[in-house]
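Once you scroll down, you'll see the structures, which are given as structure tokens.
Below, subunit A partners subunit B and then partners subunit C, in two separate complexes.
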Partner chain A sequence: MAVPMILGRNIHSFARIVLGASQSGSIGLNTCRNRGIYTTLRPFRLTLSACLHTGTVVSSQPSSTVTVTEEPDTLYQKVSVLVKGHDKAVLDSYEFFATLTAKELGVTLGKVFEPPKNIERLTLLKSVHIFNKHRVQYEMRTHYRCIELCHVTGSTAQVYLEYIQRNLPEGVAMEVTKTAMERIPEHILKPMWKDLPTDPPTEEKPNQ
Partner chain B sequence: MNTLARVGTSICTNPETRALHVTASCCKNRAARIRVGKGDRPLTYEQALHPHHIGHRKGWLSQHTSNLMGENGAADRTVEDVFVRRFIFGTFHNCLANEIVIKRRGNMLVVCALMLQRLPPQKFYFLIGYTETLLSHFYKCPVKMEVQTLGDKAVYKYL
Partner chain C sequence: MAAHTLNIYMLSLGRMHCHIYGRNVHKALNRATYATALSTNNSSLNKGFPDRGSRGPIIRRPRREEGEPRKDKMPVDQDWTAVYPTAAPFRPGSVPLPVRMGFPVKRGVPPEKKGNLELIKIPNFLHLTPTAIKKHCEAMKLFCTEWPSALDTNVKCDEHFPIKIECKDYVSAGTSIRNPSARIVNLRVKLSSLNLDDHAGKKMAKLLGERYYKETDIITIITDSCPVRQQNYDYAMYLLTVLYHESWKTEAWESEKTVADMEEYSWEDSPSQKNALSTLVRMQIAGEVEGDAVRDKLLGRPEVQEYRESVIRLMNEGESESSILQYREAVKKLLKL
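== the complex of A and B ==
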């Protein structure tokens, strides 16, 4: 009788201590990862692997970020994402990443193509003074990649684009072109002459 | 052209004459190239490859979008880069193993450096924090440093 009570108290306190250690330890590990320095871990962090995990002790309610508004969502016929970069390999991997996210999020992909590259060449004098026959040539290559999404809502486009843009690699620029669809305004729907009252053609005598 | 060809052949065929080969010294490219020497000078991969290999065998040391077609601000970014390189070269005196890599992600400036283990880690931490705060106050943007340490410089070639 007495033994299980003591055991219960010990386990509860042990769980609290272990949870505290895991929280501080995980925060410490995060900062260590951000530094990127290869230092040896201090000994107390190595004992994390042997601890209990009591998930029900700390429970936080996730804050709902879904907003409900009255106005209807904008509809986009096409959202075209053009990425520019100096390195083709980087653009290849970014295209793979973007198409994978589109597939996972259920966004319909249109064309994924590669517009031709643009090379800007400069021919400058090699020397500071005279020697006009000796020049040096530089070039700047810009590779492009275009990913088109078809028939997306405004909120889907916003979420997708925000995720894509947060993970844009350095040295890569993006241009987004959205083609929105709008309802035809009502005064254009029907031709005007249909609403006019049908008058019989009146003969007008020329006034002379 | 015919006369020149006749002259050339006469010099080549006649074994007693020697031709003089002349090139104006500015014909040769000297940019970012370390000339061949005795074989005792160690070079890193970055120093050993010439600038026409950038994009093919070399990467870029400073990555930003202002050199792309239709983008602005190239001169400002270049000046910032030069300042950051000189600043870090001076702060971590004799500790850099290789050129630093500067990346710009959105607003952030990320400086990636390879250091030699010449100082105790506490001094490294202090200098990293000092550069981060000073540069972020100077450029009004978050500056982060990603540092890796090596024992010795990574030698690719001896020239």
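== the complex of A and C ==
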């Protein structure tokens, strides 16, 4: 069965679209009465905060910013997102956000689990000089959360990961493990010695 | 303070002097000390502000009154994405919830949200309510592509796409956004999915050494010698290509492969075969002629084949209950016990 080629999509002005979408729903409907929302296609010059202060409306219809390229999309068998933080409540909220995003974008979720926390403890001297019997103990707790996605295409993974990473809270780190699937390259399909009958075995040229 | 004490000393000095020199001098001296004291006091009394010279006084606009907090003017069916469109610190006047946070005082409750530093310190997700997330996803759906429906199981994926490339990306806050561990590339392929014949497969396994795990038949190549991930990926593919083509070649010295180099045990030309055949020949020595024909006949017998299989199984798979029992049965049949 021939596997259909998946064409890649470029993310062109991604942030623009996201901010524009959140704006059009909120400001456009409430304050824009004199101008048509969908008729004017203005370039998105102002930043979001400037718009909020001045109260101007920017109509944000993405004017054909999706480009379809000819190169085939990479296929990820598994994308594993591990987030690390010091506060478990923050990671709980982030997990809810990530899982809801995956559901909305139509990405199949694998396991969502919590690896055990890691506590690093230090026992240091309390005083600058002498007083060895008086120490102070510190500990650093690192909580983890792992969200696994299965069967994601390259474009979808790019979109999802960029969105997730832009909304990563302060003090939280992330590690993404992507397992891409590939076909066997053409030069490994059959040995090249069969095509060259007269070549002695000592003379070889590795193919790249 | 120093000027004040200095003035006192000067005054006392003046009085002491007038005792010696007479009254007129006393008045003059006193006036002198008082005059200096007054002048310094005047210059330092500039309403507490530093001297700006020709620039003039600092213009401070009067502080305007703060209006009603936003939460009191919020309708119930408002659009929350307008209040918190992006990540922003917690504003007690914009959040209509009666949140309390912090360590409570004795026999009290946690402090209220107004002026609460604890609520500002922790990251909040007020800009990421389910409504906001859905709006964002609606906009982002344009850029997503669907997974091909033909590849729904892992088995089919492995069949069509046997090579697995694993890379890691790291996101963290710090002085640098780079992480040197991000350049490592992990390539995994099943040996059986490559086009290799028997000899090539064994040679490939020998060349790979530790990188080939026999139980799962997976080749793992981890490259981290180059500074860029793309370079490491190219190097891994190059290694795979070279291994593949080299394993198809047969070098001259490969004919010197000894029994110790063999990966699997083979019964032909082994001491076990010789011993079994000699035993059988001696059993049937009465009335039979020795020769190659006898040996082939003996080898062709089913008991000998059974014995052969049981010995091979013992040597290759190791000792287990079933394999030892099988060997026992084979020996009994062979020696007609």
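Note that in this section the second predicted complex is superposed on the first by the 123 of 208 C-alpha atoms of A that agree within 3 Å, B and C clash if a C-alpha of one lies under 4 Å from a C-alpha of the other, contacts with A are read in each partner's own complex, and residues count from 1 in each chain.
We take it that a residue touches a chain if its C-beta (ideal position, glycine included) is under 8 Å from a C-beta of that chain, and two chains touch if they have at least 3 such contacts.
This one's a predicted model, so the numbers in the text were calculated from it and none came from an experiment.
Peer 1: Looking at subunit A, does subunit B or subunit C touch a larger number of its residues?
Peer 2: The partner that reaches more residues of subunit A in the superposed model: C.
Peer 1: By the touch definition at the top of the document, which applies to A:Glu120: first (subunit B), second (subunit C), both, or neither?
Peer 2: A:Glu120: touches subunit B, not subunit C.
Peer 1: Quick check for you: in the superposed arrangement, does A:Phe131 touch first (subunit B), second (subunit C), both or neither?
Peer 2: The first partner, subunit B, only.
Peer 1: Taking the superposition on A as described, I'd like to know which of subunit B and subunit C A:Glu170 touches: first, second, both or neither.
Peer 2: both
Peer 1: Check whether A:Thr142 is in contact with subunit B, with subunit C, with both or with neither, and answer first, second, both or neither.
Peer 2: First partner only.
Peer 1: Now for A:Asp87: first (subunit B), second (subunit C), both, or neither, which partner does it touch?
Peer 2: In the superposed model, A:Asp87 contacts both subunit B and subunit C.
Peer 1: With both complexes superposed on chain A, which partner does A:Ile188 reach: first (subunit B), second (subunit C), both or neither?
Peer 2: second
Peer 1: Across the two complexes, what residues of subunit A are contacted by subunit B and by subunit C?
Peer 2: 87, 168-173
Peer 1: In the complex of these two chains, what residues of subunit C are touching subunit A?
Peer 2: For this pair, the touching residues of subunit C are 79, 81-82, 85-87, 122-123, 125, 128, 130, 132-148, 150-152, 154, 157, 160-173, 189, 193-195, 200, 234, 237-238, 240-242, 244-246, 248-251.
Peer 1: How about subunit A: which of its residues touch subunit C in the complex?
Peer 2: Its residues touching subunit C are 1, 3-4, 6-11, 14, 17-23, 25-27, 29-30, 48-49, 52, 62, 66, 73, 75, 77, 87, 89-90, 93-94, 97, 100-101, 104-106, 108, 151-156, 158-161, 163, 165, 167-185, 187-193, 201, 204, 206-208.
Peer 1: Okay, in this complex, where on subunit A does subunit B touch?
Peer 2: Residues in contact with subunit B: 35-39, 84-87, 118, 120, 126-127, 131, 134, 136, 140-142, 168-173.
Peer 1: What part of subunit B is in contact with subunit A in the complex they form?
Peer 2: So the residues of subunit B in touch with subunit A come to 24, 26-27, 29, 31, 55, 60, 63-65, 67-71, 103-106, 110, 121, 124, 146-149.
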